[in-house]
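These are the structures in question, set out in turn.
Presented sequentially are two complexes of subunit A, the first with subunit B as partner and the second with subunit C.
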Partner chain A sequence: MGGDRTIRETLRGWAFLAPLAVFILGFVFVPVAGTFIDSLHREVTFLPRAFIGLGNYRSLSSDPWFWQSLRFTVLFVLVSVPLELVLGMAFALLLHRPSRARGALRACVLLPWAVPAAVSGRVFELVCNFQYGPANYIAERLGLTVGPVNWLGSAWGAFFALVAGDTWKTAPFVAVLFLAGLSAIPGDLYRQAAVDRAGPLQRFTRITLPLLRPVVVVALLFRTIDALRVFDLVFVLTRGGPGGSTTSLSLYGYDAFAGGDVGYGSAVSVVLFLVAFALSAAYVRIGRFGRGLS
Partner chain B sequence: MNLDFRNVAKTFPSFRGAVPAVRDANFSVGDGELFILLGPSGCGKSTILNLAVGLERPTSGEIRFDGEIVASRERGIFVPPGKRNVAMVFQGYALYPHLNVRENIAFPLRVAGEAREEIDRSVARTASMLGIEELLRSRPSELSGGQRQRVAIARALVRKPRLFLLDEPLSNLDAALRAATRAELRRLQRALGVTTLYVTHDQTEAMTLGDRIALLRDGRILQTGTPRDLYEKPETPFAASFIGPYPMNLLKAVLEEEGGVRFVRLGAERLPLPPDRVPGERRPGSRNVLFGIRPEHVRAVPESPEPAPRGIVTAVEHLGRETVVTADIGGASLLAVAGEGTWKEGDIARLEIPMEFSHVFPEGDDPS
Partner chain C sequence: MNGEGRTRLPYLAAAAAMTAYCIGPIVFMALTAVSRRPDFLSPGAGLEFTAAHFLEVLRTKSLHFLEYFRNSLVVSAVSAALSVSVAAPAAYAITRLEVPGRTAVLFSALAVSMFPQVSLVGYLFRLMTSLGWINTYAALVLPYTAWILPLSLWILTSYFSSVPRDLDRAALIDGCGPLEALRKVIVPVAAPGIFSTALLAFIFAFNELLFALMLTTDHHARTIPVGVALFEGLHGEIPWGAVMAAATLSTAPVVALTLLFQRRIIQGLTRGAVKE
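Right, the complex of A and B next:
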């Protein structure tokens, strides 16, 4: 009798899991596996499909454009993610302070997150415009530059325009994550720390940061994976230029697809997937989930 | 250290205008004294504590530590909590959840940049004083309520503060633990001789623990004095009903004066009042007053040779050591704890009121 019951319970458990399992299987595992299989084939328009093993990967390893896009992507992650986290933290701390205008301020800060990347890409293109963009006006006013600079025409200028666009858009997202984490820290801990003679900086480093660690790890994870896959902003703002200097891995893979070489594009995607996967695993390890706020 | 509050007021802004939380607070706490702020919730006692620590700034008035002003808006002086060398135990204990017990206790010393050996010594000494040596490696989430409280006290006392503040420290403990902890707190405070400000809404705690008590209501200090003063000489009906094991009986009565002797007319009886029992000036004629007598002084007896009001027993509670009899005397109910005989509802009792323990308050003071 008891056995019947457990079997029924188990079946019911699986029944509840089934919709999500089917979804993940259909939309995650199948495409990933398909991409991996494609990457092991010569899959080019007008040519018959043929298994070539690691042939595509061998080509990748000697493809300077691939290395260039990998270098750009990693650099983009290394510069923009820390910037977004620091800015997001600053926003979150500001928004966390009790203030009459808190609601309005939160809405303002969140606004960029609501703007589609394609739109914000166009906006930053205008901002960086050689002739009438405000970037030149401000930089010159601040004494940083002399005469107009063609931001999007230089490798470094384009890189920083992308970093600026990405940070502008996603620092608010990070801020919202951090804000949720901050609200979960009881106010008495800060009062206690103040009585215990901890100054504002010590309260931040000894109370806020350690208690926020799980949230920081989540934000880091989300942002790193997102930044690794950056596509829309690059596509709209620089289209990988100038001279391919800002071609991200996603864009490079896309270009391969668009050029008709599905196998090669799949190989690029697999490399991107592996990098993101390895980084995620490392973060989860470092973050030691399950500790911190409890 | 001496703590002084002089004309301190604190108002909080709100949508309905300023809300006064503390009005014109005046009191001094002597060196090594355990001073209790007692009152119902919302009376402003925690705000006074926060003002003393420096978590709140007074709207007006001065706060002094050993004569030195630490907060005064008029003079533009405000010493932040970290610079006052005060220690506080919050109601919820506010232990740092990411630190173990040792790190929690060491926190105030580490923040101040003390040397490692010095910190270890202080932590070990304080932990043994509170008997929590074996908990040092635990995390706060693994501790019971009583243990958390000890850790919070240890963290507060580890650096020998000038002023020790406790906000309802016993309210999260169960009854048995509360009595034991109360006695231990008293012992600790005496042994360390640290000036202490203690907030509670429990009059038993205040009476058993305090050197002196300030009784608060609606942001105002109604009366300050030793537990005995507050019990024997309540200045307001509120103090009379708030302090003591039972709320004082407060009855509407008429005060009469005749031939230099004053009487309280209570129903059909005229009870002569000893000369020292009525505060305020003598006035001829009669006036309405609130007559107070503690239940523990009223004797319910079957028959009495003295003038004692008659009442119908409406409730009898046997508490073991004593029996509480509630009697109805002409529409007002009177509690009597002392007395003799066995009572049941509906009995007629004589209620002997020892007038030397009676209190007379001007009518109109609301006891609630």
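Right, the complex of A and C next:
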């Protein structure tokens, strides 16, 4: 009889999970599998579909624009993610401090997260504008530049505009994660540290950082994967320019799709998918490893 | 605490800098939208207020702004409602029923949220084309729902597991089926959590760009982010006032939701990510 009940409960459980499974299988797993299959085909508008094996990947390996977009994407991750984590940590520490304005401050910090990336892309486009942009105005006031700089017209300027735009939008998300981690640290630890005359820096490195480690790993994972697949901001702010120097892998894949070459775009997407997958697996490993140690 | 007075001034300065950094670009966007000239910061220009840019965006039929707005609201609201109603029974099964493979479900959902969107969109484009659904609400709602589901599932699972088990066990003993227990006991108790989940789902759908860009072609289904991204002037020069007016209008709903429900959003975002 007990066995019957277990079977009934299992069936019921699966019935409850079925709609979720249908959606995720149908609109995520099947499309990803379809992309893998498409990447092995010549799938170009107006041409008959044909199986070409690794043909698209062979073309990729000798395509300088593909390597350029891979290089940009990796550089973008390496520069923007650490910045976002550091800034997010600073924000979280500020927000954690008891203050009458804490609620209002939290709301302000959350705002950039809520703004659509398409909108923040346009705003940063204007901020960096040669004629009207406050970037030039501020840089000149601070004595950093002489005369207007065409930020989006140079590869480095465009790169930093993207980093600035991404950091602005996502540091708040990191801050919110860290803030939750900070609130979970027992205040007794700090009180004890104060008794032991530990300075603020010591308290941060000896108590805060080690206890925050699991949250830092989670934030690092989320941000790395998100920065790796960056599309919205790049599409809106630089459209990959100037001269293709800021084309991310997502944008390069999209450009192939939009140009009618689904096979080639799929191959680009598969490469991005595999990189993201390998990184998540690595992070999960590292995260577990850390938990095992502590 | 110790040394509070000594650190008060640096704290205030840092908090002010943080606030300026976070809301500066938003204020700049809104000011450009109401300024007669986009270069109001440069010496000698000055800020002269006008509503002309907002009126232009709202009144110019060929911009289709109001249609984009309506599309965005419908698509995001339906996707959010759908994803929460699909994720709720799943979260119930994961937290309450002895289902084999439930951790596998949770972790494959997590894996799904790591997938790059571009690795779905080429196939989705071919699929929607062959179904004749390109440029319809369905072409966006179905992928959006699937795309938001992992997030909804994780947050709801976290909320449901914090509902005391005795509550729904009592309902089950009273002869309710599990579906009834979910509807009559867990949903009312976890209502704030369900609301937070729906809110986050709505914001994610509202801000989505890539799927909308590929799967819609014009104002019949095109959403706000695409409209804002592709907003160009007719005569070469970008009409910054009008672009920023459109940007301000499209940001207004999410900004209002964020300010109103700041606490809930922060709670939702951190559920699942920080707790086990």
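What we mean here is this: the second predicted complex is superposed on the first by the 288 of 294 C-alpha atoms of A that agree within 3 Å, B and C clash if a C-alpha of one lies under 4 Å from a C-alpha of the other, contacts with A are read in each partner's own complex, and residues count from 1 in each chain.
The definition used in the following text is that contacts are C-beta pairs under 8 Å (C-beta built on N, C-alpha and C of every residue); 3 or more make two chains touch, one makes a residue touch a chain.
What you are looking at is a predicted structure, and each value in this text was computed from that prediction instead of being measured.
Student: Could you classify subunit B and subunit C on subunit A, in the superposed arrangement, as clash or fit?
Tutor: Fit: subunit B and subunit C sit side by side once superposed on subunit A.
Student: More residues of subunit A are touched by which chain, subunit B or subunit C?
Tutor: Of subunit B and subunit C, more residues of subunit A lie in contact with C.
Student: Between subunit B (first) and subunit C (second), which, if any, makes contact with A:186: first, second, both or neither?
Tutor: first
Student: Going by the contact rule set out at the top, does A:194 touch subunit B (first), subunit C (second), both, or neither?
Tutor: A:194 contacts both subunit B and subunit C.
Student: Put down the vertex angle at subunit A formed with subunit B and subunit C, C-alpha centres only, nearest 10°.
Tutor: Between subunit B and subunit C, as viewed from subunit A: 80 degrees.
Student: Contact-wise, after the overlay, does A:210 reach subunit B, subunit C, both or neither (first, second, both, neither)?
Tutor: After superposing on A, A:210 lies in contact with subunit B but is clear of subunit C.
Student: Given the touch rule stated above, what does A:225 touch, subunit B (first), subunit C (second), both, or neither?
Tutor: second
Student: Looking at the overlay, does A:94 come into contact with subunit B only (first), subunit C only (second), both, or neither?
Tutor: second
Student: Check whether A:202 is in contact with subunit B, with subunit C, with both or with neither, and answer first, second, both or neither.
Tutor: First partner only.
Student: Check the superposed model and tell me the shortest C-alpha distance between subunit B and subunit C, rounded to whole Å.
Tutor: Across the overlay, subunit B reaches subunit C at a minimum of 6 Å between C-alpha atoms.
Student: Using the superposition on chain A as set up above, list the residues of subunit A that contact both subunit B and subunit C.
Tutor: Residues common to the subunit A contacts of subunit C and of subunit B are 194, listed in rising order.
Student: Across the complex, what residues on subunit A touch subunit C?
Tutor: 6, 9-10, 12-14, 16-17, 19-21, 23-24, 26-32, 34-35, 38, 90-91, 94, 97, 99, 101, 103, 105-124, 126-127, 129, 131-132, 134, 137, 168, 172-173, 176-177, 179-181, 184, 194, 215, 218, 222, 225, 228-229, 231-232, 235-236, 249-250, 253-254, 257-258, 262, 265-266, 268-270, 272-273, 276-277, 280
Student: Can you list the subunit B residues touching subunit A in their complex?
Tutor: By the definition above, subunit B touches subunit A via 53-55, 80-83, 85-88, 90, 92, 94, 96-98, 107-108, 111-112, 141, 155.
Student: If we count contacts the way the header does, which residues on subunit A are in touch with subunit B in the complex?
Tutor: 186, 188-189, 191-199, 202, 206-207, 210-211, 291-294
Student: For the complex, which residues does subunit C have touching subunit A?
Tutor: These residues of subunit C touch subunit A: 1-2, 11, 14-15, 18-19, 21-23, 25-26, 28-29, 32, 38-39, 41-42, 86-87, 89-90, 92-94, 97-100, 102, 105, 108-109, 111-112, 114-127, 142-143, 145-147, 149-150, 153, 178, 203, 206-207, 209-210, 213-214, 224-226, 228-229, 231, 240, 243-244, 247, 250-251, 254-255, 257-259, 262-263, 265-266, 269-270, 273-274.
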